[in-house]
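The structures come next, written out as structure tokens.
What follows is subunit A paired twice: with subunit B in the first complex and subunit C in the second.
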Partner chain A sequence: MMETLAHFALLLVGAALVNNILLTRFIGLCPFFGVSNAMETSWGMAGAVLFVMTLASTATWVFWNWLLVPLGVGEFLYIPAFILVIASLVQFVEMYLRKAAPSLYRSLGIFLPLITTNCAVLATATEAVKPGFFKMNLAYGFGFGEAVVYTVGVALGFGFALITFAALRERLEVAPVPDVMRGTPMAFITAGLLSLGYVGLSGLFGL
Partner chain B sequence: MNEWMSTFKRGLSIDNPLTVLMIGLCATLAVSTKFEGAFFMGLAVVFVLTMSSLLVALIRGLVPEQVRIPIFIVVIASFVTIVDLTMHAFLPDIYTFLGVWIPLIVVNCVILGRAEAFAYHNKPSLAVADGLGMGLGFAAVIIVLATLREFIGSGEIVFLGTTIVRLPGWYRGPGVVLLFPGAFIIFGFMVAGAGAMNRRIHGRVVETKAHCTIEEGASR
Partner chain C sequence: MDFVLVAKAVGALAAIGLIAAGMLSAASRRFTVDVDPRIESVLAALPGANCGACGNPSCFSAAEAMVADTLPVTACTAGGQSVADSVAEALGVEKCAVSSAVSMRHCGGGRAASRSFDYAGVMSCTAALRVAGGDLACPNGCLGFGDCARACPFNAISMDERGLPVIDLDACTGCEVCVSECPRGRLDLLRMGPAEGSVVVRCASHDRPKARKGYCSMCCISCKKCEKACPHDAIHVVDLLAVVDYDKCTGCGVCVDVCPQECIDLSGRTNIWGDPAFLDGRGPKVEGFMPRKADEAGSHD
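Up next is the complex of A and B:
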């Protein structure tokens, strides 16, 4: 029992901090630079990513293990299959939320279609589901519980990095930056320095 | 023909997907640690972008507006699958190096963004010009970035097992350039340089837009 708990805790921390999806693996950078202008949208985006990513990995895990593998078509159909599952799932969730929970829809709604084609969701779903894509041990496939915990960890790491970066960018607005570097170039260098901190964590817990 | 050339050139300079439009950053920064990896990534993107632009422009009359995004994704996903299986068969080392980035070409904003913003509204020949120009612009930036990082970081450039350039043995490269922060910082300077160059050549400030065009399109 304890061992299982420790395994899950390590998986969570490893996915969130040691292998942070944004700053040490560069997955999902478009929203990282796109929405980090304002603190409020960053919170919304972080929440929406947590929600969609968990749903997407759950759905693709079921789809992969119960449909693609028994039919023997996983190797060459996984790309179109996963992206279609994720896209249609997000569409249904959006329609359901608009009817059933309007207040939640107002805070998360505008971000939902934005994430359909976000590489972070597809990458996490692929890694959590298809054996061979998970970096740490190569031919290892996740069980259902592990896949969900791993996905939640990745999404938490995404939100944490996004919100930190948004806070830094608000201060950057008033900083005296050389004219050539103003705006996006400076944002990249800030992200580089932030990522330097995460590199310090690599190798922790043997992950 | 003139129109063709001007569309083609736009992707290489003033509308460069990476340094100006800021789309498709993830793959660029991640695979640019090795020259050979970046080279084949650029090649894969040129292929997928050109072919999907052509196909989207050919079928644009048949695609209803409401379901265009899923249709584009299926078109792109089939070309990515071709690249995925081909690389797996003929370039296994490169395939392992690129890893999850091959399937991720499907959701690379450059490709979906160009299908949505250009190929869906233009005739096939122009769509091919746009796809080729944008693809080569993407490939050029990613190859320059990877060359800089590999050369500064490790002092040599290796392509398919043969060493092209090697600095003398006393050179100790700063390892951080090969790590993640190096990519961000070097790319930041490249964006600043490209901005300054565009200002000088075209005499106007090219507004950098840090978002995916597709994100707004998909919300409709």
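Up next is the complex of A and C:
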């Protein structure tokens, strides 16, 4: 029991901090720079990503293990299949939210179509069914529970990095930055420094 | 070629597509939301600046409220009469008149006001006010870092050479964003007044006149000359400060002429030293009105 718990905890921390999707793996950088102007929108984006990623990985895990693997077509078909699954799922959720929870729809509404087939969502969905997919040398698949915990970890790491970055950018807005460096150039430098900090976490708990 | 594999791949994608399509078409029927088509047409009539002056967070929610009849069609302060008319048209109700208001600055200090220390921090009024209450000695005056000018969604406010915000009456829509953004807006530094030509008292301080004069040469000194001179009983010194009653004020400009401090000004005028070219054309034309310091124009600062 303890071992399982420790395994899940390590999985969560590893996904959130050590292998932070934004700052050590550089996936999903478009929203990282796009919506990090203000804390408010980055909170919204973080919430929407957590929501969509968890749903997407759950759905793709089911399709992968019950359809693509038994047919033996997963290795080359995973991208179109996952995009199809994620896109229609997000559409469905959008419709449902609009009907059932209009206030939630209004706060998440603008972010949902944005991250439908966001690279971070696709990468996480892929990794959740086949960890180390991009290394192609792991003959190990996540169980359903592991896939969900891993995805939640990635989404939390995404949100954490995005919100800290937005906080930094808000401070930089009023800081005496030289004119040529204002705005995006300064954001790039900040992102680089932040990324250095995250790279320093590799090796934590032997992950 | 492994045709079995191709068939499997096509079959798998088709299966996923069919499941998704079935789910979506069922959902679109099950979860349809009836959107009132009038919301769209009202939204198209609104300015779309999401300024929040009507009390709604966005033009969309304002449009919803207007359709639901919980918000009057004239509620859009930014749009004024023309928007109110087109909203009324979109909703098929009777048109009604809008009373218009503009933002007015109640401070003439700027560089004429003394500073208690050299501030070199973030160039924002809100930030400056947090450092020992701001560098401006006057507790009610304009700090001059232009938070209002940056906040204005209609670019109606600009900072002039005196370090004071100047409000372009043609561009000002009365949305009150500047009033809420100004850290001293609640102290009446920026206040709403009628859009048609009228006078403004460029001072908001209620300190004793002697103390006031100590930190600003442009302040109201509570001399009551305006009160006595006003032919319409429209200006009174209340709580040591001249206050204009805009219900009675005709904008005749007698008080402007009589004020020894040049503290009373025509609203919307950009230069207190009175180049007539600065009159915005909507202000009242004052016969024989010549500012006393006309010959000193440019020698201030």
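Keep this in mind: the second predicted complex is superposed on the first by the 201 of 207 C-alpha atoms of A that agree within 3 Å, B and C clash if a C-alpha of one lies under 4 Å from a C-alpha of the other, contacts with A are read in each partner's own complex, and residues count from 1 in each chain.
Note that in this section a residue touches a chain if its C-beta (ideal position, glycine included) is under 8 Å from a C-beta of that chain, and two chains touch if they have at least 3 such contacts.
Bear in mind that the values here come from a model prediction, so they are computed numbers and not experimental data.
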item	value
Subunit B versus subunit C as contact partner of A:92, first or second or both or neither	second
Touching partner for A:76 - first (subunit B), second (subunit C), both, neither	both
Subunit B versus subunit C as contact partner of A:142, first or second or both or neither	neither
Touched partner set for A:67, first subunit B, second subunit C, both or neither	second
Contact breadth on subunit A, by residue count: subunit C or subunit B	B
Touched partner set for A:84, first subunit B, second subunit C, both or neither	both
Which of subunit B and subunit C A:165 touches, first, second, both or neither	neither
Subunit B versus subunit C as contact partner of A:23, first or second or both or neither	first
Which superposed partner A:150 touches (first subunit B, second subunit C, both, neither)	neither
Which superposed partner A:51 touches (first subunit B, second subunit C, both, neither)	neither
On subunit A, positions contacted by subunit B and by subunit C	76, 80, 84, 87-88
Complex interface listing, subunit A residues touching subunit C	63, 67-68, 71-73, 76-77, 80-81, 84-85, 87-89, 91-92, 95-96, 98-100, 174-176
Subunit A residues touching subunit B - in the complex, by the definition given at the top	23-31, 33-35, 76, 78-80, 83-84, 87-88, 110, 113-114, 116-119, 122-123, 126-127, 133, 135, 180-181, 183-189, 191-193, 195-196, 198-199
Residues of subunit C touching subunit A in the complex	5, 8-9, 11-13, 15-17, 20-21, 23-24, 27-28, 30-33, 122, 124, 127
Contacting residues of subunit B [partner subunit A, same complex]	22-27, 29-30, 69-70, 73-74, 77-78, 80-81, 84-85, 99-100, 103-104, 106-109, 112, 176, 179-185, 187-189, 191-192, 195-196, 208, 210-212, 214-215, 218-219
